[in-house]
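Here subunit A shows up in two complexes: once beside subunit B, once beside subunit C.
Let's look at the complex of A and B:
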């Protein structure tokens, strides 16, 4: 009975990354007396929320076999646009944020449209668009943060719901919607079909390019949401917002079992990957690891987590045979 | 009447108690302290701050016997989001004090307020505290530091010629102040033209690339000043690579080993330098005093050192 339950758990796609996360979590909790404090948990949850939103979008793109390196920059640009609209033009914060979200979706749409219409590789194209969007941010701000963000929107980044940081609550809600789309809708099945075999998906009558553009648009929208929430958190619109949201979401998705070749993985797994990275970033400070050792330590833990996931999958396959 | 007298007496006793408690601040002994230093980014200038902090820890240990641990936690990139994450994680460890070089006072504010809210003593170094927050800050007059460098360059050029300014991180207040003050000095001299402003984001390689490009675009450029520690090193490298040593003058900033070597080699004339070790030392000293309950000054000026070939 127990063996059957364990085998069932082990054969779950998320088992490897979930167990890896639990091990890192348990080790952190046992080694640091501060790790499980409510304040520290809220710190980890909040830092996971922002990068998590970008990770959800990036993981859905990876499932399609695509990649968008401009998502972080889109987050920064949309945060800055929201700030400029609210501060410089005095536009109602709700309207300004909606316009910035629309801008994020538009920028994502532009990426998707260029990839599909010109037949370009998304990796190469989005290196270029990241430069353009980042350049626009610098032109708009001249490198200087937009201050005096209205206090009434700051609760979105600083507030909490029953002690849980609001950005984390928003990220969980978005994750639930993304999970529903990927598992319970026809569109979700199309995503996996396109990611697994584009030619076969076309033969089945799936409008492949429409699916691709839709996910690029969604990923842009989520990045804009992350950028706006970060502006609310900081109380300023920093041109540097999103600079650190380029590689971590890709790493998180891969750690979480999303295949870079497409067709495999889930946004939920990617969030577990992001949670592993957020925990590592947190414990590095809690343990007082020297900044010169941080890259080595975090890299080693990530490699161990991926290895654990890979070994557990191999074990599962052997059990199945 | 009796009740009134009793309450007056009680108020007087409580008042005396509070006053005595204030008088007694710093007289209780403590065996150990743990202080956190958070710089802007991993950078050699901040290693010097850490050296000063470690020295202060050793001095406290030698004089009082108390163990002092310094946790040095630096963001890998000069990014306020990353710095806030480190600051918040540090708050969770309940240290006896946090000293931080703010990347952006407004952007750091929410996290700083969390530290203050949890009654953790906070000292700001090398930057300006957020408006309205009463935190001890340690640094130097950034404007005066820049003006010293700019005036020296004007003097070397005889008040005439094209010059350029290398900005550091544009959103860093101390870098922005230095850029403004360089410009103020140059504006006072009609013969001096600021023909270009580069942005190096406190990175030597970026500074070198920017300086090389600006010198290509402005062949008549006669002199450089910078707003951060990495800038003049990159500029010096670009001047050497372009074979323009002596032709394009450089007045640097700070005292990193590469900067000192540029002065020795005659690539740079001089440097207007902050004192990072002293900032680290006094950061720990103020955190220690605050941890003892003793009030510390609002601002400690560590001064500016002028480094030339004669005293390098």
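Let's look at the complex of A and C:
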């Protein structure tokens, strides 16, 4: 009975990672009385919102069999650009933010266009473009944060809707769209086809490169959105925004069932993966673990989570044959 | 007493019994044919024989010793898998002798000159034309196939050699090379297990046979006491007529209008190829591996670039170099490499088929899962795809069922031309017959069918007309019924004869 249930959970990856999240959530709640407090929950939700937006884009790239290491610096650069346009040029904040979003999409598009047209490996290419984009940020800011961000946009980062932090609401809305795309649309099905087997996708008449460029563009756009929301929350545009958005989204996606080799997983699962990481990081803080130890502890838990996933998958494969 | 004695062996996986109550005797100096349809339990049995998996019950005795107690007895058994399993970026010599411990080069540093010298001995013995220093990715497929066998034999203790479909991607001349190697081993007092779906090969090389069906041994004995039909009957459990031909019945007045016309097409590895395809016929393409047949078809389909020439379909000029245009306009190509060019392995059977009928399943609210399920179910029934569940990942289906799924997927788009490239490679006899029937039906329904095959028998059975290619050029165009085998074989070896039908 239990065995059957476990098999079912392990087979349905989404259910598996969801249950894992519930367990970790329940353990956290029982370990610390502060965990479930509305203040703490909103802290967790807010931090999950920013990294979550990047995770949605990165997980779709991973499903495609690609990877973009410049998503973090795209977030930083676009946040800074929004800040400069608003503060230094006095451009209307809505226009400035739209321009920064368009910039994010463009930078993602450039990555995708270079990967497809030159046949480059996205991992290596985006190490390079990450250097370029990050360099532009430093040239523009000389490493100094842009302050005096107009107060009228700060609600985007700090406000709430029915008590739920606004960035989190936005992230959930984006996630809903991404989930619809992956499960229900032609484009989503093509994304999985390309990630499964590029040659077979071509044989099916799918415009493989167009699908790839589109998702690079989307991922860039989402990173820019995360960067702009972060600027709104902080009230300053700091060049370091996005520095921590590179590797955690990849770990989150893998915990959530996305294979680094592509073809399998969902953005929804990746967000559960991100939620697991966010919960663990939060409970470490609540426990008062010394900051020097936090990286070690959360890293260990990530390794354990991925190992568990791999072991359970081996178990299903035996069942399936 | 036989060298290898398998008694009442069984292997259970949760929910299924893959193998039950099987006996097998392997004698030195004999070639043993292991036959059975896809999924009959051959691979499971081989895994148990090589020690890669442990039986749930029963015993394996190797050279008189119980292998369960003496696992080192498995060292006497070498296995050459069907799939190429070499290190593409290492040299031929390195591929032969890695792991060095096994092949006797176990000093701390490797003496490369000695490795190369000994490698040359093996290459000579197996008539492999590659040099020891060539990288494996640069040598021919048949050399790679032979290299795999040579590698197995560098195990000095080997007494039993298991070959899983060693000839499936080879031409007749290359098959003969493999057979010579097998005979040498047999005469050198080794036991050979030979697995193949090609009946003629089994009878040409085999001494004894064992047939598995649904995990059980259903027949065994000397091949001299049976015939092809007997073996097939044992494998499939039913009567199958082998002599049947599957050529489409042409409408009165001969084949219909021209569906496709290829004129002076040149490209990667072929030059100046012209042919036309008429409605109602199956057009066969014969040739050696590397003759350029797949390249021609992939170019017509748009997967490869053409350097010269033109194609027209139904009288209109055809756009080359764009697979999406080809698919949208009804020309489909089913690759010989199912794994690399066909299936989407991690997606379910439903998603694999559903991807080509999105036009019918998309609604305002996205893909309708219910509609997709019912459409896919129709295709599963129509093409008799055997699966417990359409949500099963396609990689877990047998090769034959994957192939039927790919054909069903292609047909769902109602193409006007369908190009089959080696559609029955690695597929058992019964499923082969089913695929032939499907092709025949399609041709009679007016779909233009092109069939590339390396098996002359298959082409004779199915194609109305056969075009032969040699070294990138068309060497002939023959009416199947009125042409002798010798003429066809001559043409695929380069004899230029235009017996235009």
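Definition applied: the second predicted complex is superposed on the first by the 296 of 321 C-alpha atoms of A that agree within 3 Å, B and C clash if a C-alpha of one lies under 4 Å from a C-alpha of the other, contacts with A are read in each partner's own complex, and residues count from 1 in each chain.
Heads up, the rule we're going with is that a contact is a pair of C-beta atoms (placed from the backbone, for glycine too) under 8 Å apart; a residue touches a chain by one contact, two chains touch by 3 or more.
Not measured: the values here are computed from a predicted model.
*Asks:* Clash or fit: subunit B against subunit C, after overlaying the two structures on subunit A?
*Replies:* They fit: once the shared chain is superposed, the two partners occupy separate space.
*Asks:* Roughly how many degrees, to the nearest 10, is the angle at subunit A when you join its Cα centre to the Cα centres of subunit B and subunit C?
*Replies:* Given the fit on chain A C-alpha atoms, the answer is 140 degrees.
*Asks:* Which holds for A:239: it touches subunit B only (first), subunit C only (second), both, or neither?
*Replies:* In the superposition, A:239 touches subunit B alone.
*Asks:* Just subunit B (first), just subunit C (second), both, or neither: which does A:78 touch?
*Replies:* A:78 sits against neither subunit B nor subunit C.
*Asks:* Just checking: does A:56 make contact with subunit B only, subunit C only, both, or neither of them? Give me first, second, both or neither.
*Replies:* neither
*Asks:* In the three-chain superposition, say which chain, subunit B or subunit C, touches more residues of subunit A.
*Replies:* Tallying touched residues of subunit A, the top partner is B.
*Asks:* Quick one: is A:302 in contact with subunit B, with subunit C, with both, or with neither? Answer first, second, both or neither.
*Replies:* In the superposed model, A:302 contacts neither subunit B nor subunit C.
*Asks:* For A:34 in the superposed arrangement: first (subunit B), second (subunit C), both or neither?
*Replies:* Touch status of A:34: first partner only.
*Asks:* Would you sort A:280 into first (subunit B), second (subunit C), both or neither based on which partner it touches?
*Replies:* In the superposed model, A:280 contacts neither subunit B nor subunit C.
*Asks:* In the overlay, answer first, second, both or neither for which of subunit B and subunit C A:250 touches.
*Replies:* neither
*Asks:* For A:288 in the superposed arrangement: first (subunit B), second (subunit C), both or neither?
*Replies:* It touches subunit B, and subunit C stays clear.
*Asks:* Return first, second, both or neither, reflecting whether A:15 touches subunit B, subunit C, both chains, or no partner chain.
*Replies:* In the superposition, A:15 contacts neither subunit B nor subunit C.
*Asks:* Once the two structures sit on chain A together, report how near the CA atoms of subunit B get to those of subunit C, whole Å.
*Replies:* The answer is 37 Å, the least C-alpha separation in the overlay.
*Asks:* Per the definitions at the top, what is the overlap between the subunit A residues touching subunit B and those touching subunit C?
*Replies:* Overlap of subunit B and subunit C footprints on subunit A: empty.
*Asks:* Enumerate the contact residues on subunit A facing subunit C in the complex.
*Replies:* Residues of subunit A touching subunit C: 180, 183-186, 189-190, 192-193, 196-197, 199-207, 259, 263-264, 318-321.
*Asks:* Could you list, by residue number, the parts of subunit C that touch subunit A in their complex?
*Replies:* So the residues of subunit C in touch with subunit A come to 13-15, 301, 303, 323-328, 333, 335, 340-347, 351, 354-356, 358, 362, 365-367, 392-393, 396.
*Asks:* Show which residues of subunit B lie in contact with subunit A when the two form their complex.
*Replies:* 42, 69, 71-82, 84-86, 88-94, 104, 106-107, 109-110, 118, 167, 169-171, 176, 199
*Asks:* Can you tell me which positions in subunit A touch subunit B when the two form their complex?
*Replies:* Contact set of subunit A toward subunit B: 32, 34-35, 37, 39-40, 43, 46-47, 50, 142-145, 147, 154, 157-158, 230, 233-236, 238-241, 243-244, 281-282, 285-286, 288, 290-292, 294-295.
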